[in-house]
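See structure below.
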């Protein structure tokens, strides 16, 4: 049992290395399923269960800002429990999906804040030029976001997943909701930091043009890019650039230190 | 313009350096976070280039900081903007009048469109095909299922990721040469920063979300605070959030502190039910 | 009965002074109801009936150009009749709402044209500097629009509202419809007068840009304002203003007295 | 920029004058009409200011006429544009090169956005809250219902209406000073008139309606004249109406006559059923 | 029978001359019906059947690029067969509509390519200045597109339309579909040829602005025209034209022979 | 500007010439084709004008070629743009500095809006009225049905078609005179070509269609290639088609050959089911 637990732990680690290894899809159920099957002594079942979970979870990918359930813990625990209890592929589904959901909650509530702490350490080390520490923090940050899964997979496998899930289920709902809300707010910080490096009086209006093109007309970012490129081309053709617009210069001089900086 | 991917390496960066960028692009998403997304991964991949271009420690630190701003792109084609950035950094390091800000502006301008194309191709097409073929086999218990699944996806993935590095660098360095020759560098920089700014504005609206679910009134007249605000100006709540954060940064608040404030705000919002 | 009629008339007058008194909501059923109750000797009933009508009519507010039923006459007559006939809050509703609708028709058909006559007198007195007359016309104009209600409330109360409503119901339908149509046309006159004070060759295209932004993309006026501000900011930044565009000047010289003035 | 509402009164207008504007803003909606909306009310409130600034009868008359053009705003914040207008009139009266047209342009530009915000707050939020609380009590026969209803709404209402006057004046006079100092008055005037013009265009479309309901064809092919016209260019009927009225004004037709023509047209349209 | 066949053929020819004769609606069922009736000896029936088909086919007009069924053959054969078999107006419908549909297929598959051949001859003759040949090709081109109907109407009338329709029904489905698809592709060729005569660096971005205005916001071409006129007016007012923008000139010099020409 | 349709014929073109244009506009749609639509018909109608203006064979050939580009307009008002073109050709033939390209630009700019108005009036309104009246009578077997049908439609049709010729010419020649007098010819030409280009861009998207129906994925994830492409950028497939054709023309491929390629492509697409 201890050996199996270790092996299962390693499969989990492999899954959580997905992004370290090029986002190459090694974390998908169709890949992890067989490995778990091998450990549990029934690879055939592992392949089939993996494919079943894969199809059921085909929509669970992260594009943009959507955060899918944690397929890794779901697959590993679901498949291993199903095989050990002699149940079929359906059981892997019924066991795996709630685990994946709970673990997503744990990871957002616990993993994300820890991760962001290390991301901010990277900023510091970049400034001091300590590249080793930078790399280390990056490495840790990546695993930190999966801290829940990394700890829970072996525990749940060893002690039975029921016990662990119940325990974790005690995190109050509002904490998870709050974390989800925060995850949606956070890009504002990233974009604000980015905008600050680019902002000056002359380009500021364009930030808002892009913003409101999306807000009012519901077009995609690509659409905003298409129109901004065409607009800039027209401006170039009609000589908007190059001449240091007398007005603009005067305005900069005037409003500098004025309201905009306070914004 | 021929379609050969090989450029002349007549400055500092060599083909070997770009290969390093390719290898270091692999863990790009490992440190993907909700605050600045792929920033650390991007910087990690740029490191060998920056190290070579900026022997001075201070210059290097500044260059790294430059790339630690928010970045997002489909990981499989991340090497393409990396290649462009490499070419621009090279120009920055070797030419006197190069406007450093344009490096970030070009990166930003490419974020949205590249992600749109990359996601459609990799997530929307290639993955679906791989899953379809893989599962059909695997459901019958055939071990070829998972193997084919991985191969169908990853062979094009790594091929494009590899090529992207050199394509990006070539495009970047050739464009810079052309523009420099034409004496229009100033205009192009300005133009790039405008496009970049518009894309950043668009993405801010696209990728940030805040929803005030407080109900106002009851019965047929019932509405939410969110509807009221977006009824005045669509996007107002997101713009307000952005404005406050921007202002906090201006006031030199530590980003980590800002993040904590947001976290507390989010959890309080969930607890009292005014955010959802 | 005569005393009560006078009191009811005064309540009506108070209601129609709503806009004179700061649009402070004294005309809402929830406020007028209790007053009518007081006059009818059952304030308790007045409060309840007022609140009932208030909730039923919660959507009857004038935002922009929508013209709601005349709540004042509806409330006063509805509540007073319901109380005097010993009926409940429901009766106040069933009696009040048709009265409010008929009175709206009377006020649009009769009140609005009279009002506009006095508004135009104001223009004249502003020009001659006769401020007393200006104020008087403003005062009259405001009550003129409610002329129907002001006259009908005491009459209906005294003679029974059935008789009065029937009488007024004889206004042909097409007159009311016609008045409603005209009310929607009239802003064109106001905006044309406003545009004329602002129009010149250089800004004329912007009138149409604003117009068609709303017509084609269905955005709000605020949206048009947002985009126009951003556009103007860009123009300022890139020095569109200040230089008396050679072309523009030439064009003005040329087309002056040309087609546009005829528009 | 601090947030104190008190400005320096170093020209002609005093705090007392502004207080008068506040008081005279109260009957603002009394003379609200379908032709030029709040024009008379606005002028009535401006009167003390204009009277003081323009001792000459002719100047006063011209100033009053200036404010008798169409205006619309949520009544509860009407003092805010009134304050701005006061500051601009003051500049107009005291400075030689002030472009008088900008007073109207700024007013116009503010109409739409201010109404959007004001309506959302007062009609959409505060009123609904007041009605909710008031009715809950009143339905039980409690006299506190109507009283609370009035208080909840009117305390913030009068507070904001009062403050708005000074806020508007302060904003107006400070901006004018700043702009004058920068020597950009000309550009800003032009910019303001462009924004004003666009807002007027947008509101013309937004607030005017004409609907030709004449049916054309029958069965599945049936359509109305309105659909046909808006199918060519959306807003065409409104634009046509506006164009005709504009042309009539150019031809020096009396507005009252134009109004009568519209009235007759509307009633005929209803009678023959071609308008609806 | 031969005489009738000739007469019916002439009616067909008249119908297919619709566009030669000013698109004056002589091809509509309501017009052709009576003529066929006259030939068949029952004009009354022809009028009624024509009107019946007319109403049923009221939507079958070509506006823009939609290609309606071939009403000419449908009407002529439908009405003549219905009259000769003594059936009523309904029969004219049931017979006429499938014929119209099949003939549309034949005309797109056969007529269009032949027509385009002659259209391209016109280009050649315009260049060589051979105006007679130009006119001849134009004349032929117009009838070529209706070649199917012109041949089939007399044949079908003489041999019975069943036989002919069956014969034609043997064209495989994919050919007709393919022709329909091609018809929708062809404007790209026309517009590309047109664009080539107008394209230069300075106006190229505007092609894309127009294109994407329609693509993203789904407005009509007229809408794009409205906004482009307003935009150009603003540019004129603010002096964008006339000065040979230094930048623009430089760019033209630079990119000439560059990528864009390769596009 | 009075509304008399008679202009001064003080150059080369006479009223008689314009009458010829009217007569030759009648077969305008006879040679309507999917490639360049009304191009041949337009040129046919312009012929008498061009013949007179360009006695040199080469000039004539060039002028005809100029009008053989894609054109589309409601046939009943085709004489209006023809009249304008006549006036512009006249200016082109008589003035030295006239920019020939503006003839095509103005034509193109008018295509969309004129068709919009013309279709709405003739196809949408007049035809429906004629059909309604005609059928009501004809259904009773009354021969007046078809006759009235033709008259109701064609009397206004030919009246407007006739008048359009002179109206177009008048508008064209007067505008040219005015613009020449103002010395702004250059600006106006540039402006016209911009509007023309935008309209051509808009119509390319509006009137071309290509639909890749290949399904990608299955079940809930199923989508088509078309959806994927338009999901990246709406209109991408049409733009790609246009780009390829444009490139083929650049490579001097014969248009007839391009047409055949498209035909083969369309049929293959239908056969294998990837186009629909």
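Each chain carries a letter (A, B, C, D, E and F) given by its place in the written order, and its residues are counted from 1.
Simple rule for what comes next: a contact is a pair of C-beta atoms (placed from the backbone, for glycine too) under 8 Å apart; a residue touches a chain by one contact, two chains touch by 3 or more.
What you are looking at is a predicted structure, and each value in this text was computed from that prediction instead of being measured.
Counting C-beta pairs in contact across D-E and across A-C shows that the higher total falls to A-C.
Rounded to a multiple of 5, the C-alpha superposition of subunit B onto subunit F involves a rotation of 120 degrees. As a whole-number value, the distance joining the C-alpha centres of subunit A and subunit E reads 54 Å. Remark: subunit B and subunit D have CA centroids separated by 45 Å (rounded to whole angstrom). The mean-CA centres of subunit A and subunit B are about 13 angstrom from one another, to the nearest whole unit.
In whole angstrom, the spacing between the mean C-alpha positions of subunit A and subunit D is 49. Shared interface positions of subunit A, defined as residues touching 2 or more other chains, are 55, 58, 202, 204, 206, 208-209, 212, 216-217, 222-223, 226-227, 233, 235-236, 241-242, 247, 251, 262.
Listed for subunit F are residues 116-117, 128, 131, 184, 187, 221, 232-234, each touching two or more other chains. Note for the complex: subunit C touches subunit E at residues 201-202, 204-206, 208-209, 212, 216-217, 235, 240-241, 243, 245-248, 251. Interface residues of subunit D facing subunit B in the complex, by the touch rule stated above, are 116-117, 120, 124-125, 128-129, 131-132.
Subunit E contributes residues 217, 219, 223, 226-227, 230, 233-234, 236-239, 241-243 to its touches with subunit C in the complex. If you check the complex, the residues on subunit A that touch subunit B are 19-26, 28, 30-31, 33-34, 43-45, 47-48, 50-52, 54-55, 58, 61, 63-65, 112-113, 115-120, 122-123, 126-129, 131, 134-135, 138-139, 141-142, 145, 174-175, 177-179, 181-199, 202-204, 206-216, 220-222, 224-229, 231-233, 235-236, 241-242, 261-263. Interface residues of subunit D, counted against subunit E in their complex, comprise 219-221, 232-234.
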